[in-house]
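Beneath this line is the structure, given in structure tokens, with notes to follow.
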Amino acid sequence: MNRIVIGRYIPGNSFLYRMDPRTKLIAMILLMVGVFLIQSFLHMFVALALVTLILVFGRLSVKRVYLGLRPLVFLLMFTFLFQVLFNRQGELLYSLALHYTILNLSLAFMVVLLWGFTKRFIRFRLLYFLGAVVGIFALLHSISFGVVLGEGTFAVYEQGLSTAFFIMVRLIIIITLSTILTITTKPTDLNLGLESILRPLRVLRINAEEIAMIIAISLRYIPTLLEEANKIMLAQASRGVDFQEGKLKDKVIQVVSLLVPMFIISFQRSDDLANAMEARSFVPGQERTRLHILRWSKLDTVALACTSLALAGVVLLRVVGW
Amino acid sequence: MNMIDIENVSFAYSGKVEALKNVSLCVRKGEWVTILGHNGSGKSTLAKLIVGLLKPQTGTIRVDGVELSERTVYDIRKKVGIVFQNPDNQFVGVTVRDDIAFGLENLQIPREEMVERIERYAKRVDMYSYLNKEPQALSGGQKQRVAIAGILAMRTEAIIFDEATSMLDPDGRKRILSYMRKLRDEGVTVVTITHDMREAVQSDRIVVLKDGEVLKADKSENVLKDKETLEQSNLELLLPLEVLHGLEKKKSTNEELKEFLWQLSLNG
Amino acid sequence: MAIKFERVSFQYRGVDDKGYLALADINLSIAAQGEFITLIGETGSGKSTLAQHMNALLAPTEGRVHIFGVKLTSDKKKNRKQRLNPIRQRVGLVFQFPEYQLFEETVLKDIIFGPKNFGVPHEEALERAKKMIQIVGLDESYLERSPFNLSGGEKKRVSIAGILAMEPEILILDEPTSGLDPMGRNALLKVFYDIHEKLGKTVMIITHDMDTVYEYAKRVLVLREGALVYDGEPPGLFSRKHVEDWNLELPEILRIQRALEERFGIRLEKNPTSRKELIEALGEVVM
């Protein structure tokens, strides 16, 4: 649990921490747009290197951030495999004949079972998973005797491979960028920045202050509600609810026994909170002064100029067609 | 001059029996009044009526001479602050500093003055070193102290404690009690709503509620010793006063002992 | 012994792997019958953590907990292999603010929820519900009402009836009277005392109220920063040394007794443990 870095603020001190949250939000958006415009392998690697440089100069642990992406490894791998297997455009790079016979299908099935049973004892699960996948392909390729149910090919096309690569690196960069933002910005500051950026939307009758207030209060109460949910689960477990086991029908009752109290508590809380806010002279929509104000510094101007230049560069490269 | 005047107020939640029936009472400026009553006696409803969170069906409420109405309610909330029962459900800010700031932001206090008031009132409730802490890192009693600072920073003239100590441990409760005493000594009007006799014992006057009606309103000493009235409202005498009551029933003339028991009840 | 703790420690895993030791080297045993125990300690001293070990909601990170023959250790796999659910029927745990666990449409359905989870037949569960609603001081007409239209005190009683209907051998209650007015509190304490006296069950109450400790308990456990520092009879707890060292509040009965002794030299022959006894005893001496 504690190693997850996505979405968490980790106190520290570097230029990233000193930047105005507005700058960070805008810069992140600019860089993300840039990453989507990149079309060559070389430029993509440069982008990845640059992002890593930001981490290094921002005194964030590169290892920690990239290891923190681990929960997303399966998502990344899935996207990669999906593209490689189903995108069949461009030049054929590699093909492998596959035979679907009763024997090798059942062997493949056994490999899956074996993998499922043994994976919890293996340290390098990802490698083990890859090994299992390769093993299945090897089986399907090499055993061709017995009752043959069908034939197929595993083929890798140039376009598939490159699209897969681009999607994966883009995802990694985007997630890293947003992680940089959340690691270095307190939720309150982030919220304040968001409010400030959304303010022009008043023309569309969107009240940025109210949105910010709602986000702030949600941030404030999420830990409290989680704690509450945990308590109720324990209380219901004491009444014989076994959250680990049970048939579908039991599951439904288990969920109800958790959700109904949670709803009631949440309503009670929001009612109390509304009263407390009103009693302290809060009037929705009324002008308020603010304790926290955002300060724009030279650093922000520089940072924004750099990111704008980077984006402009990417656009130029795209137009020129390198 | 009265800080709060309540005249013939009745209130019922929709579809339910009356929570308050024709209640009249007053709180003088600078006074500490306890509103005592059993669970469901309507005492918390009364608190919500005073700050205009609920509207009485009949009767009038005046705060500092101004009648409560839709037009005056915002001014009245600047004069009367309220600390609620559940410490968790009134902490608006992400940190102690933000929470004390909340009311000030609503009053549109300039930023520099806000900073100054936050620090001053955080010190007053001994929470200065906690200014950057998040609510999860605080005990219930500490959260209630932050709530008090938030109200004091708004410079209200009166402060209502609506069962504000009932969810706290003994240390937290004692601490809040000591702030109540301090506030009264500084001239702030204090109203405590409770069923805890130890909270009532220090106040100047006590109003006892039973099933939404005023059973008795008198000087604290007279109410604290009134076994019959208290028991009617599901309350009990403080033990030293119970002993005193027993002695008086036996027509004891040991005045020294009686006085000693009275003193004993005051510093329980 | 029904519950036995052997050198039990429990460490919460906190942020950044910095642990927080909630229980430290606890040894104690509790009988399945006839005990009336209070568990006291400051906020954060580990009271609730200790209680949650007693019905296997938590397992120790060091040491062993035996509950009705089931052994729990830090070995999670071994713990999981045993059936823990039956323990929770035999050791009923009522959480603080139990009113928040109510969720069914009627009081009846909520009370039989626990028993039915433990496989009690429907008919018998109904019988138990009728019995338990009376034991907690409400009448049968409550059974058909919605639990959400009850007062705070009534909700508390209903949720306690729900645990009682599981017919646990040991009943543990975490601050069961908080928020109740004096009469409500006294009435509920009387209920627990009756469960102990008339049904012979072991009852353990977690509390901050020294009057409850002094007036009801036969045994008191004191936790300080996760360590069990006292396990014995209540009168022994309030020696001057303990009161000073552990910053204890004196029960009112003792406070008055001691003050009168100090000021007037009044000595009582036997130690009164209830308000009534104190008044009677003083009446005799003073008159």
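Residue numbering begins at 1 within each chain, and the chains themselves are lettered A, B and C in the order written.
Basically, a contact is a pair of C-beta atoms (placed from the backbone, for glycine too) under 8 Å apart; a residue touches a chain by one contact, two chains touch by 3 or more.
Just so you know, these numbers come straight off a predicted model, no measurement behind them.
Least step count on the touch graph, subunit B to subunit C: 1. Ranked by how far their CA centres sit from the centre of subunit A, the chains are topped by B.
Among the chains, the centre nearest to the mean of all shown protein C-alpha atoms is found for C. Simply put, of A-B and A-C, more C-beta pairs touch at A-B. With centres taken as mean Cα positions, subunit C sits 30 Å from subunit B.
Between the Cα centres of subunit A and subunit B there is a gap of 48 Å. Computed centre separation for the pair subunit A/subunit C is 45 angstrom, with centres defined by C-alpha atoms.
Only residues 37-40, 139-140, 166-167, 169-172, 195, 197, 231, 234-236, 238-240, 242-243, 246-247, 250, 252, 254, 257, 260-261, 264, 268 of subunit B touch subunit C when the two sit together in their complex.
Subunit B meets subunit A in the complex at residues 48, 51, 53, 74, 77-78, 81-82, 84, 86, 88-95, 97-98, 101-111, 114-115, 118, 135-136, 150-151, 154.
The part of subunit C that touches subunit A in the complex is made up of residues 13, 15-17, 52, 55, 57, 85, 88-89, 92-95, 98, 100-103, 113-114, 117-118, 148, 162-163, 166. Touching subunit B in their complex are the following residues of subunit C: 42-44, 151-153, 178-184, 186, 208, 249, 252-253, 255-256, 259-260, 263-264, 275, 278-279, 282-283, 286-287.
On subunit A, the positions that touch subunit B within their shared complex are 187-188, 216-217, 219-220, 223-224, 268-269, 272-273, 275-283, 286-293.
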